[in-house]
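You will see chain A twice below: alongside chain B first, and alongside chain C after that.
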Partner chain A sequence: MGDSLKRLLQRLIRRIPTQMLKLTLEKWGRLTKAQQQSMDFTQPKWVLTERLLGICEENEWTVKHITELEMIYVMDNPNQGMWNAFQLIDPEDDFQSVELMKFKEQFKYHLGELVKHVSVKMKKHTDEAVWIRIAWGDSFSRPNHLKPTYVVHQLQAPYVYVTSLTLKQKPLLSQALILATRYQALKDANLSGRNLTAIRDLLMRQYQQVFPTRYPSPLAEKNETVSNTHIEREQAMFAANRHRMSCEAFGDGTLPQLQSVVYKLETKFRDHTNKTMSEREEPFRCVVKFASTNILESLRHCASSGIVSTPVTPLLSSIPLKGKNYFVITDNGPGPSSQKRQPQS
Partner chain B sequence: MSLLKPFSKLPTLNTASILLVESEEQFQQSLADALLEETAVTMNVRLAKSLPLPKENEESRPRIDLVVFIINLTSELSFQSAEASLKHLDSGYFLGKVCFLVINARNASVPIERLDAVRRLAASLHCPLLFAEDQTPDGVTNAAERLLTILKVAAGRVPMATALYLSNLTRCTVPPDIDQPSFD
Partner chain C sequence: MERHQTSVTRTPLNSVVVQRRSKSKSYRQSYRSCLGATSRLGFTPALTAQRLNASRRAPKSHDITKKVNPEHLNLLMKTEWQLSYVTPLYQFRHTQLKSYSRQLSAFIAAEKQQGFAVEVDGSHSFRVSFSVVQGMVETDHDAETILIQIHSSPAFARQDEPQKSVWRGCLTCINGNPDYIHSLLKDFICLPLFGSSGPQGLTSLVKSWFQQTFDCYFGPLEISNTSLQWLVALWTNCHTESNIQHLKMIWTLPAVPPLQVTYSVNPEDAWELWSSVRKAHQEENEGGEKAKDEAIVDIEEVMRFMQCLKSHFYRHFRLDLSAGSLDQVSTALGSAKSNGRIKILNSKYMITTLTLLTECALLKMPI
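What follows is the complex of A and B.
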């Protein structure tokens, strides 16, 4: 058994929590009945790892088998890395969504053309999504299975979700995807987060939608808790108003879980007293990042509790509407009079 | 913009009214519920986010006997909001009818300067400064009891005692060495 295979298995077992190990191994189904029964899952992790390494030698597992186990684990627990969303744009004229087998074949073929040493593994998940695991190598080294890239693509939808992809590999992946799916380009959707389902829901609009209206919605009918007559809120009207405004911006249902929002401002520095700054050629850059375990919920709460002034600025409320969490804000026009800034893609 | 005045209205018989001002509107609800446990007098609790109070409620509002500013020490905004609200209070209130209630003071993330700032503020206005625990039900009841003690005096329920007299005993004083660097 190779040293690298041993390391790969060790690392993988270390990643899987003990209470999930049994279930994952069962799903994998590479252990014989006797081997399965010989494993005592109450033992510490390192004993289990030693045992598995022994079985690995016995059954002569190869890298292929181990990566299969890894895929099973990652597909069951997708919320571990940072997922970036990409959008496929400009379908070809006679476009039809590709069939799975063909996509598989095409993708493997095209990626193999681009990179010599690459190991691709695909699996179809229950929810119509194809999971692709890519271990990259370059022309001189063998595929590195310790740092694989995961790609999730639903064949019917023009979105691709990618985790742990380096800049060097991005053009390769994008080209292989374009050729395999018969789109013409792959665009960064400016959306990232740890929760894969949340990102997908946001892009596919699978959550409660709000539409900006000028009229108060029938939210007011909501039952207020009947409180004691001796307690009176002096500013109840303002509070109700704030609540309504925040619901208008973010809706009153559950919101997809995002971890951060980044605003990048690129503008001209305007200050008459500070000549050195305002006469600079390059734009004035500034990055604002909001982070939370659930940023959209937090923003809604900020608005309804009055920390953020209402009506909520379109910059904040456009996060769920546009399905992005990375915004670049630039000046609208060249003139100094145009102070208004608008989010642009 | 209207000032809230302590003596602009007639008192009602056997009634005590308290106004809880908190910018976060979290603790005031549970505190109000705890205050209403008191049965000896008719309690009126008014909750506000900040002062000034809206004009529309002017008619229905009883005479406020005690104004309590709840300050969450973990948030700078809470302190600033209370500071801004103080301007909308008539000076008559500062003769023993205002008190500060600090919550979350034990939180490790609180900068020590903020507590000093609150102390200075309370001392400069000659107001009592109370500390409360807002996480446990016991803490809330405790805080309510302490407020009731002050409120009863302020509302004139206690014979031979006035708010001004009580505030002489309970008001916050700044320790003289607050500006000295500590040597621990």
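What follows is the complex of A and C.
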């Protein structure tokens, strides 16, 4: 058994939490019944790893088998890396969405033409999405299985989600995807986050949609115990108003989980108390990043508690509306415009 | 969260309220906190500076590399220090450092034998060295800075293997308030600012040795909102002499779940904004009772600068940063966090930063 194969298996087992190991191995189905029974999952991780390395030798598993196991684990636990969303644009005139077999064949063929050593593995997920695992090499080195790129694509929708892709690999992937899907270009969707489902829901509009004009107003009183003093009534009115406006911007259901939003501001500095800066021609350059475990939830709370003044500015409400979390703001366009994402630290 | 309740729904033009509140925070542990909250013209006892100075000298580039041993300077810089304040040390002698080194080594060894957990993997013996950082003073009243290093040798080290530095600490006083220092009794040495870097276990051992030996007391030194804002302004003011690369400020807002806002400003633009604030302030004061010295930075300028930054932010996001707390500021000159962690990256402006921190530490002194 080669050293690299051993390393690959060791690393993979290290990533899989012990309590999930049994289920993942069962799904994989490469262990014989006897081997399965010989594994005691209450033992420490290193003992299990040693045992699996032994079985690996017995069964003569190859890289192909191990990457298969990796794919099963990653597909069940997608929220571990940073996912970037891309959009396929300009379909060809006689465009029809390709069917799976054809896409597989085409994608492998085209990527193989572009990169000499590359290892591609594809699997169809239950939700109609194709998962692609790419291990990259170049003309001199063999594919590196320790740092694979994962690509998720739903054949019916023009979106692609990618994790661990370097700048050098990006044009290659983009080219192969375009050729295999018969679109003409792949564009950065300016949306990224750790939760794949959230990103997909935002782009596919699969969460509760907000229709500002049709929002029931005023909200039905949720709490009827308000006493009758004028002040309390007035406060409650303001609070209800803020709550309504925050729901108008973000909806009142569960929100997709995004971890951050970045705005690159290049706008004029306007402040009536500071003449020098207001008269300055050049824009004031700054970058603002909002971060939270669930950014949309936090912003909605800010709006309903009054930290963010209502009505909510379009800059914030366009996160769910446009399905983006990277914006470049200039004075030229009234709305948020965007350009290519800069590599973020 | 009473703080955020008062400033919600308002535009950010209420800096005064916020500013006063955040200031009072830094006095909370001083015995005279009640006095600190009175007006600036109020009664000021001679013994201690009651509040942070409302104006201070703009940082001049001090070339302390000529005065201070570069090796020491390297140790002081690029380390993130966890700050504490220390009450004056009784019978501390700068001439006894060799003996202190021995005593502290023995103290650590003894504590370890008693089973005190010192979590440095595999190390078996510790060697302590005290040294004076010559030249790190600004006035005659300041006691010389002390640097403490703890080295350890691994359990099975070879003879020629160099010892590993596992812990570092420093005690300093830069531009300490002379009134306070002179008011101390004869045998007390004032080195109010203590920074440590290394395993927690060693830090507490060093602290308890100091407490036993010099009858002093250590307490945590947070960097208050006002001090962080001072650093923002003082560092930005250096931009023409030494590029600050970026001006980064991080706020935490009391949303559910908590929201963190990182605001990074282009260095040129930050400097232009700062100089416009300075210019406006100086014009205002012209013809007034005193012509302003250019080297003096006033708290009003600092607050005005922060206000401008916040209102630019508000104009875009309709979010008032005053509702949250400023947690961290950083530029290429250094970084500071509200939990009392500081890192200095440029020796030229080290003195200014340490002066501010010495002042914060002195504010904590009980009288």
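As a convention for this text, the second predicted complex is superposed on the first by the 294 of 345 C-alpha atoms of A that agree within 3 Å, B and C clash if a C-alpha of one lies under 4 Å from a C-alpha of the other, contacts with A are read in each partner's own complex, and residues count from 1 in each chain.
Just so we're on the same page, contacts are C-beta pairs under 8 Å (C-beta built on N, C-alpha and C of every residue); 3 or more make two chains touch, one makes a residue touch a chain.
Please read all numbers here as calculations on a predicted model, not as lab measurements.
In the superposition on chain A, A:L316 makes contact with chain C only, not with chain B. Of the two partner chains, chain C is the only one that A:V308 touches; chain B does not reach it. By the document's definition of touching, neither partner reaches A:T166: not chain B, not chain C. Within the superposed three-chain model, A:I329 lies in touch with chain C and out of touch with chain B [touch as defined at top].
More residues of chain A lie in touch with C than with the remaining chain of the pair chain B and chain C. Contacts of A:M237 after superposition on the shared chain: chain B is touched, whereas chain C is not. By the document's definition of touching, of the two partners only chain C reaches A:S292; chain B does not. In the superposition on the C-alpha atoms of chain A, the part of chain A touched by chain B in one complex and by chain C in the other spans residues 238, 305-307.
Within the complex formed with chain A, the chain C residues making contact are 4, 8-9, 11, 253-266, 268-269, 272-273, 276-277, 279-280, 308, 311-313, 315-320, 323-324.
The touching residues of chain A, when paired with chain B in their complex, are 228, 230-235, 237-239, 305-307.
Chain A meets chain C in the complex at residues 238, 263, 265, 267, 269-271, 274-277, 280, 282, 284-295, 297-299, 301-302, 305-310, 312-313, 315-316, 329. Residues 19, 23-25, 29, 32-33, 36, 42-50, 53-54, 56-57, 60-61, 77 of chain B touch chain A in their complex.
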